[in-house]
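Okay, got some structures for you below.
Both complexes below contain chain A, partnered by chain B and then by chain C.
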Partner chain A sequence: MSCSLDIFFLEAILNGLLLAGLLALLSLGLNLIFGVVDVVWICYAELVMVGMYGVYWAFAVLGLPLPLAIALGVAFTAGAGVLLHMLVISPLLDAPPINQLLATGGVIFVLQALATMAFGVEFRSLGVQLGSFSAGDMFFSWSRVVTLAVAIVAVVALRFFLRRSWLGLAILALSQDRRVMPLMGADAKRLYAITSAIGGGLAGLAGALMAMQFDTYPQIGLQFGPLIFMVCVLGGLGNIVGGLVAAVIIAQFITIGGSCLASEWGYAIAFLFFMVMMFIRPQGVMRAR
Partner chain B sequence: MNRKILLSTLGLVVLACVPVLIGWVNPGGSRYYLHLAIQMLLWAQIYTAWSLMGRFGLTSLGHGAFTGIGAYATVLLWNQLGLTPLLGIPIAVALAVVAALLVGYPCFLQRIKGHYFALMTMAMVEFVRLCIVGWRGVTGGSLGTQPTRHGDGVSLYAVQFEPNRVLSYFIVLALWAGTLYVWSRVDRSMDRLALDALGQDEEAAAAAGVDVTREKLKITAISAALCALGGALFAQYQMYVSPETIAGLGISLNIVFGAIAGGMGVLLGPTVGAVFTQLLSEGLRVTMQSSQVLSALFGTRALALDMLVYGVLLVLFIIYMPKGILGTLLDRFARKRSA
Partner chain C sequence: MTMTYLRAAAIAAGLTIGAAASAQDIKLGVIYDQTGPFAGGGSVNASIGTQTAIDMINEKGGVEGRKLAPIIVDAQSKVDVAINAAERLLNEDRVDLVMGVYSSAQCVPMAAKVDNAKRFMWANVCISSAVFANRNLQYVFRSQVHSDQYGEASCLFLKENAKARFGVEPKDLKIAVIHEDGPYGTGVAKGNKDTCSKLGLNIVLEEGYAVTATDLSAMISKLRRARPDVILHTGYNPDIALFLRQAKEQGLKWKALIGHGAGYSNIDRIRESAGDDVQYIMDVDPVSAQLLDAKTLAPGLGGVIEEAVKRYKAKTGSEPESNFWMGFNQSWILFTDVLPRAIKQFGGVDPEALRKAALASDIPVGGTVQGYGVKFFGPGAAMSGQNERSSPVIMQHTPQGTKVVWPTAIKTADPVMPLPKGHAYAQ
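Right after this comes the complex of A and B.
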């Protein structure tokens, strides 16, 4: 494909913005867990996969209406998040973060295996098509537009929750010093459970929107897992708005690179860009907090 | 010291007798059992190479890139340019070292460590995998490619030894033993002390006069080179390379977890890890195929059961036995002795 400054290029840029919505939504829950609370869930992408299967199961197998199926999927993944925290993270809260990363890395295998045993290795499609629309000579998919809208709402809501609500402030405080906060009378266990539920729920929400665009299979997490960690780190950990900015940058690399060359090269360039940026600005594009 | 040399010689002699023993105990299945032993040794070598740096707190998720570079560079130089792997393997190893230094140097300079280092190396392995997939005209993309056969049997010029299992076994055994030797040389050097110090506290080590960046780069280069060597021989033995089998994050994770399960802090720990993971997956696969209850319950999906058991064990290991199987056993043994 050629890479001239024509309508295809414009289409690539706009599609990149839409992809940024998906990336931002995918990395949002991770940003809360990894960035704000400083707990490493390397299996976050597999939680998204759990959400995708949850929605698929409720919608295509049980035959529930779509909004209910999404709600069920989100609730299920939130529960999975709490479970993950209680079983794996809480014994390791005071261990070096690398141990949390490795333990949740083991969870990657567990979740992939459970998904395979429950649904098999086949690609599962939700069978919902929101269709696409054209503007000028360009085509865009509705599901991507919806995702972008949901992402923006979720980013604003999470930021508002963290900065303005009592509970959000408590979570922020806990993230700043996880030893002192309990001494101040805060119920750390409850706060961690709530944060994990929100993080898991956001993974489920992202999974629901993913399921409308992509087929689900057990290994899907490995496809985009590294990507969303990049978005998180690049945006400045814990910086939710920074994450949005990073998502836009990464998505532009992917779509423009992908439309000029092949799609793998778009991703490859994005990873290269990430590494170079980490060397130049290890604190992320925008300063954290 | 003399006892150690005696013990390791004795161990090597025993291991060298393995092909004979297998042929003696079970002549019918000897090809299969030798294959299993070769797989164990190959992965043991790669796990050991990873642990060389992993045990000093340099947890890399990027070693799948080094095995991938070693395997692919060797095969592609042979297939595309007709360059013998006798030269191709050293070039591949050099390429892996260059890649390791290119990523390692800025990382260490910027003091990127712990889980951030893990994430950086994760980006590197993904970059390498995507390059392999993207360059599909040459590499065969995600389907992989095969080294062109040079004649029918064993060939020194093409470094193709796979038709002869016993020969393959000895080649891989030599590689594994060589890697263990490198480990013990590192242990006896001054670098070992420096690395131990910086693994515990980088700032303190630097204050005590350790050139942190230099020491880290040294061990990273050695580890990457040995991993690339392992990857190259893996490809020559399998006669097939694909991102799924030798290059990528999945491989990195297998390396890291195998080494941790066995115990990355002790010489034979990664080897124990390799034996453990291979036995686990082969054992579960065989039980699965012969058990009618399991196959009735899950059908072919029961094949995922070994991954489930593996994953659960890993989580338990990291939480309750961070020193791994061998590390914990040795600790117990030492405690009993001193008590």
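Right after this comes the complex of A and C.
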């Protein structure tokens, strides 16, 4: 192991922070869904893929301006989130967790097959490059900087919404007791639908930003899925701020491991750390919701 | 195109595609990745190549009057799926042979399994030398170029051109070797390291990464620290697109980038995300047949190439690239050389007849659509089953189209190195 403590090492660390922004944003919607609905959307990364294709379709096929394409992509994925809840989650709300996992796992294949039918197996690219900026011989990607900023804003906004708005408080209350809240007049179906729309919308938002950084293909969810779940579990499933902290930890393992050893080792070390943490602190670095 | 997508979706859903075969037909188990990252990375194009060869042969009455009946299976870009598919094809569908296979990660274990069962396998695209090296396989054959040759080609090319193009002695040329860490990437990288070191070139960095990596910024920072003149890269897609994107964003510069097949063969896909930044990238690969002068090939092959190009264009709307030709050429060799001999001289298409027929192949240079000849290393040789006459070329993607720049004897243009000023990656 040899870490050269120079400007390039510092660049790697800072790029790790930017990667954390992406991972945090990716985990945000999943954490919300688990925190409120108490169901793990195993197919969450595929919803992100839906968002990426949504933006690609609106921008590259329909020719809409990028901001409008992003808005459409987010709205489309929010709708997909609601549909997922209505068709798959809702009938299984009281089913054993394994049934819920298998059902949402099945959705992975459905979404991948639908994407293959709609867009083929080719890699699709927006062809948009936001470029980068340099500071002291270090270079940083604008798309990653924007993603980090969006992730931070989204975390703060979501916390504010959940703790300061009537609707957010109702969602939080429902997450604490899904049986009692309806007795007090809360429309649980509506609240679940809204939560699923927000969760789906966040997947769409992450997808929109990813579409500017990665080529889109039907199985891209498999590339990111394990990382997303690792971040969520390490942060404490359902804990929104925990997800942000875990994203920083995992991203730094990836980049520092990659800098001091080899790129392939960065991921291996991150997963090893995760496994050790599951023995030491199975509830995550911050307590689960 | 919709039919193509429906077909891909059907295969993705676990269905196999194949027409009902009669007892006289030669049953082929054709394994490619129709879905997953390898599909768009070149496997589908290779599959089209194999299907084109099958169609062309069947339209002429088949092999010795026997039709080719393919059963096409999707390996889904997964090793376990590919292995299970091969076993199912051989034991349940009772195919006469399995062929195809894009990924070396699938090819290495599959070859051992098929050989162990004493069944016949014909590898079309996968290039890892580890498929054959010191395994003394008896029933697995590959006329395709292997990874050691890929690795050697780029180093030989750089040694020949260091002084003339870069103005430095080979020992002063700084080279970085980066690669995906599967059998394909590590195989080519080993060829790079061994040959470049032997030739006295200066390797300043060697680094592997997982093909599923979501971020390559740490590796790129290391490359910036090492400041190589030339980067030798072996990868699939989307990792190549990710590398090019992040390299540009992080200000990585070079004088030349040489890719080694797979993702780099499918340059049009990379162009979608990288645009004109792909200009002057080089690729080590078996040549795209349409780039060769048909007069240098055996009589009749020019017409075969013309027909194959026409069919590929009709199907996809674009020019065929190396993956298509790997799928086509290897299949064409099997159908026009090995199978007829197996039937006529060795009594059929059982594994033993096919093995003997393959070992008797003796096609001189210029006798295949990709230019190289065919003669397999025999039992006991270190690379038993590998074609000893295969050879790659180096192609360069330029604004004037793709040119062959090495070997010097058959080049169609001089290499453009270092990158011209104004190029996004020019130092």
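Going forward, the second predicted complex is superposed on the first by the 282 of 289 C-alpha atoms of A that agree within 3 Å, B and C clash if a C-alpha of one lies under 4 Å from a C-alpha of the other, contacts with A are read in each partner's own complex, and residues count from 1 in each chain.
By definition in this document, a residue touches a chain if its C-beta (ideal position, glycine included) is under 8 Å from a C-beta of that chain, and two chains touch if they have at least 3 such contacts.
Quick caveat: nothing in here was measured; it's all calculated off a predicted structure.
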Superposed partners chain B and chain C on chain A - clash or fit: clash
Task: Once the structures are superposed on A, label A:Pro282 by its partner contacts, choosing first (chain B), second (chain C), both or neither.
output: first
Task: Figure out whether A:Ala206 sits in contact with chain B (first) or chain C (second), or with both, or with neither.
output: neither
Message: Touch test for A:Leu19: chain B only (first), chain C only (second), both, or neither?
response: second
Task: Go through the superposed model and pick first if A:Phe224 touches only chain B, second if only chain C, both, or neither.
output: second
Task: Could you say whether A:Gly105 touches chain B, chain C, both of them, or neither, answering first, second, both or neither?
output: first
Message: According to the stated criteria, A:Glu264 is in contact with first (chain B), second (chain C), both, or neither; which is it?
response: both
Message: With both complexes superposed on chain A, which partner does A:Glu11 reach: first (chain B), second (chain C), both or neither?
response: second
Message: Per the contact definition in the header, classify A:Leu30: touching chain B only (first), chain C only (second), both, or neither.
response: neither
Query: So, A:Phe123: does it touch chain B (first), chain C (second), both, or neither?
result: second
- request: Tell me which region of chain C runs into chain B after superposition, given the options 113-121, 239-247 or 365-373.
  value: 113-121
Contact residues common to both interfaces of chain A (with chain B and with chain C): 109, 112-113, 116-117, 120-121, 218, 222, 262, 264, 267
Task: Over in the complex, which chain C residues touch chain A? Could you list them?
output: 1, 4-6, 8-9, 12-13, 34-37, 39-41, 44, 77, 181, 207-210, 212-219, 221-222, 224-225, 237-238, 241-242, 245-246, 248-251, 269, 272-273, 275
Statement: chain C partner, complex, touching residues on chain A are 4, 6, 8-9, 11-12, 15-16, 18-19, 22, 109, 112-113, 116-125, 127, 129, 131-132, 134, 139-143, 213-215, 217-220, 222-224, 227, 251, 254-259, 262-264, 266-267
- prompt: Considering the complex alone, what residue numbers of chain A touch chain B?
  reply: 40, 87-88, 91-92, 96-103, 105-114, 116-117, 120-121, 218, 222, 225-226, 229-230, 233, 261-262, 264-265, 267-268, 271-272, 274-275, 278-279, 282
Field: Touch list for chain B against partner chain A, complex
entry: 57, 59, 103, 106-107, 109-110, 112, 114-116, 118-120, 122-124, 126-127, 130-131, 133-134, 249-250, 253, 256-257, 260, 298, 300-305, 307-308, 310-315, 317-319, 322
